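In the two assemblies presented below, chain A is common to both, partnered first by chain B and then by chain C.
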Partner chain A sequence: MRFITAFAFDIKFQWRHGFYFAYAFVCACYWILLNYIPEAYLHKSVILLTFSDPSALGLILAGGILLLERDQGIHDPLFVTPMRTRDYLFAKVASLSCLSLIAAWVIHLTSIGIPKSPVLFSVGVVLTSSLMTLLSISVVVRYHTINGFIMMSQVYALPLALPLLGFFDIWNTKLYLLPTEGTLLLLESAISDLTTVQIGYSLFILLIWNYGIYVWASYSYKKYVLGKIGEGRDGL
Partner chain B sequence: MIDVQNLNFTYPGRLEPTIHGMSFNIQKGEVFGFLGPSGAGKSTTQKILIGILKGYQGSVKVMDKEIKDIGPNYERIGVAFEFPNFYSKFSVLENLKFFGSLYAGRTENPKTLLEQVGLDQATNMKVSQLSKGMKMRLNFCRALLNNPDILFLDEPTSGLDPVNAQRMKELILEKRKEGKTVLITTHNMQAAEELCDRVAFIVDGQIKLIDSPRELKLHKGKQRIVVEYRNKGELMSAAFPQQGIGENHTFLNLIKEYSIETIHSQEATLEQIFIEVTGRRLI
Partner chain C sequence: MKKYLVLLMNDFRHAGTDPVLIVGFLGPLILIILTRFGFPMTAHWLETSYSFDLNPYRDFTSALFIVTIPMLLGMMTGLLMLDERDENIISYFAVTPLMRKGYLVYRLILPIVISAIWSVMFLLYSGLIEFHIEYLLMLVLLVIEAPCFAMLVAAFSANKVEGLALYKIGAIVFIAGPIVIFFVPDVWQWVAVWIPTFWPTKIFLEGSKGETFAAIYNFIIGFMVHIALLLMIIRLFIRRAD
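Entry: the complex of A and B
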């Protein structure tokens, strides 16, 4: 129940801070850009865009939200209520995954139409968005400035972009231990069929990574945010 | 309601304990004050009591439950930190509704709470538009949302004008009448004198003294009466032993024959007692 409350409030928070307007603008830019991409490159371009933006949206936005909340000093009063870290993290993941999913579908529908496998495509976007959101929270709690956070989040996220080398045939070694190898497969389900093994592998690697990063995010949040509650952050 | 025995706490990475050997208990319906200078260990103690800091030694029981075993029951406690932080882009009412929705049990009507602190006109104002005093009052409302059995208040009158500070004190005393336990952490000796049934002086992570402000003021004060009076237009004063004052003829003659301007007993102030007991000032 608290998760639902926190999730609904996170959506309002993101709306109130203009995240949805900003993202609508970004999507409009992508739509215009995709209209100028030649047909031969369109599919790969759409997958690349979906991979690098809606899926990875949580990486920047989750950190931004947490910095905003910290600036307003909201974590102190929030965690002397029955709200628990699990509810807080799940609410962030769910709210940002919704935004990611909407953006990914808008980009697809306005460029190449309905994905061939809508469910797998959506699962790919959601699991990648949740992974990036949790990674972002794990990193941002360690930094106090937006610059420090942006720089370090890119350092942490860079290895996750390596499967793109294979996607563009630059380096033909599959990096099966990286979750984003699974992401690319699931996003490709929008334009081609996947084997059962590919689907199983993609879901498995993304879920395992999500769990691992969730544990890290939970530990980091408790140590760096909850451990400092009551130290007098003045959000006046 | 709260029972602390031989509490010791050392922050990770530090050699010296912040709290050592602290023992006290707070009864149901009592207003208890933690008084001490910055860095004395008041906030650390409060953070242990509300379950934020774990890894302490000794026993800390809140509502008969050991905090380190099961954690605090946030459904039944209310906390107002010194800094009144809220979601700044949301209205007063939206903030209270959100915080209220986090409790599983029945919560107070936010509008009723706002009326009690005189914020009924600010219901739809964004928090970013409020003054510090208004935010402090809103902070108090938030701590009351779940109708808690124990209230933890950090500097509850800080930033309030005299009228609202008085109103806040009245509300705290109303909570005591309702049987709520209130733990106040403050530098403000006057507020502590007016509100607390007992106060604890904390210095260097230890409790130096626990007593009621009234008893302390009486016993630590000078047992005499000082009278200021006019004699042929000149302001003069005289001091008399407090004991047997009704039979002190000099005193009785003086108040009969001269124009009296003031008569004061010489009880000590809490601040004087604090300095005498701890050797520190409340800064």
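Entry: the complex of A and C
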């Protein structure tokens, strides 16, 4: 119940602050852009756009939300209630994943059509979005300014973009230890069939990374946000 | 002047913790290096892997990257101003001898200066552009775009979260300028005259073709559009801050 309440509040918050409007605009622009991409490059372009934007939107947005909440002193009263860190983090992850999923589907439907494997495609988007959101929270609690956070979030996320080199055949080595290798496979399920091993690997690597980053986010949040409650904004 | 120097020194001191200046210097530098060395490599790779010739898009790539420099600096400044407004720092400045106007002047001059330096460096060292005198007109418009973008984010957003959403939209709109100039047929291009980056890109293209008169003509219109936009957004920001 606490999770549902926090989730509903987060969705309303994101709606009120124009996230859905912004992504409607972004999707419209991608739709126009993809209309001009030649057929031969269309599939790779759609996967690249889905990978770099809807899937990763939590990376910047989650951090911005947390910084604002901290400025407004929301965390102090929030955790006087029965709300637990787990509910708080899951609500952020779930609400931003909803936006990611809607945007990814709109981009696909308007360019290629219904993904060949809708479930795997959706799972790929959601697990990547949750990973990026949790990474964002882990990083943002250590910084006080939005610019500082944006810069550092890019530094942390940069290695996760490395599998794109293999995706574009720039090098042939697969980086199987990185979760985004699994993301790209699941996103490709929208246009081609995956083997059972590929599906198993993708789900395994994304789930393991999600769990690891969740533990880090939870620890960081407790240490840098909850640990400072009561010190006032100056203490944060 | 002394009060601005004090602020500048303060910003330099805090550059490590609030990295607007670091990004302001490093971002464009990385862009120049990537363009100089990355463009030929990418062109070669696309040619061999996909039989796609990137060279006809050399001017488009240059225009796209050069408008990114003021946009990057403007975004960082706009988000910094939102941070300062969320923390009520702007209100504190308003009651110091600097006053709100001084604060705005200081915050907007810095991205103008840094944009000017890096845009010139990009023109000279990106390896993609052959210099034409008309490009100086383009530079004037480009440096006005940094404060335009900063104020756009700061004036239309109630807080930093809205600023991030707006940045997303603003970045696409700004990038649309070069795309329209290079890929949209003649008559339809005029639909995009309200996009600031439309004008410097148009001058860039005309400069590369040696059409000096057209470049001057478009500079005059573009300059008026930029100044009108900047003044309108500044007025909105001040009203919002009140």
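Simple rule for what comes next: the second predicted complex is superposed on the first by the 233 of 236 C-alpha atoms of A that agree within 3 Å, B and C clash if a C-alpha of one lies under 4 Å from a C-alpha of the other, contacts with A are read in each partner's own complex, and residues count from 1 in each chain.
Operating definition for what follows: a contact is a pair of C-beta atoms (placed from the backbone, for glycine too) under 8 Å apart; a residue touches a chain by one contact, two chains touch by 3 or more.
Given the structure is predicted, the values throughout are model-derived calculations rather than measurements.
In the superposed pair of complexes, A:Val119 makes contact with neither chain B nor chain C.
When the two complexes are overlaid on their common chain A, residue A:Thr145 makes contact with chain C while staying clear of chain B.
In the superposition on chain A, no contact is made by A:Leu109 with either chain B or chain C.
In the superposition on chain A, contact of A:His17 is made with both chain B and chain C. Of the two partner chains, neither chain B nor chain C is touched by A:Ile208.
Contact with chain B, but none with chain C, is seen for A:Arg2 once the two complexes are overlaid on the shared chain.
Using the contact criterion defined above for the overlaid structures, shared-chain residue A:Asp76 touches chain B, although it does not reach chain C. When the two complexes are overlaid on their common chain A, residue A:Gly64 makes contact with chain C while staying clear of chain B. Overlap of the chain B and chain C contact sets on chain A: residues 17, 233. Across the interface of their complex, chain B is touched by residues 1-2, 5-6, 9, 12-13, 16-17, 72-74, 76-77, 79-83, 226, 229-230, 232-236 of chain A. Listing the residues of chain C that touch chain A in their complex gives 17-20, 22-23, 45, 49-50, 76, 79-80, 82-83, 86-87, 158-166, 168-169, 172, 176, 183.
Chain B contributes residues 43, 46-47, 50, 52, 74-75, 77, 79, 81-90, 98-99, 101-104, 132, 135, 139, 142, 146, 154 to its touches with chain A in the complex.
Partner chain C is touched in their complex by these residues of chain A: 17-19, 21-23, 25-26, 29, 36, 40-41, 60-61, 64-65, 67-68, 71, 144-148, 150-151, 168-170, 233.
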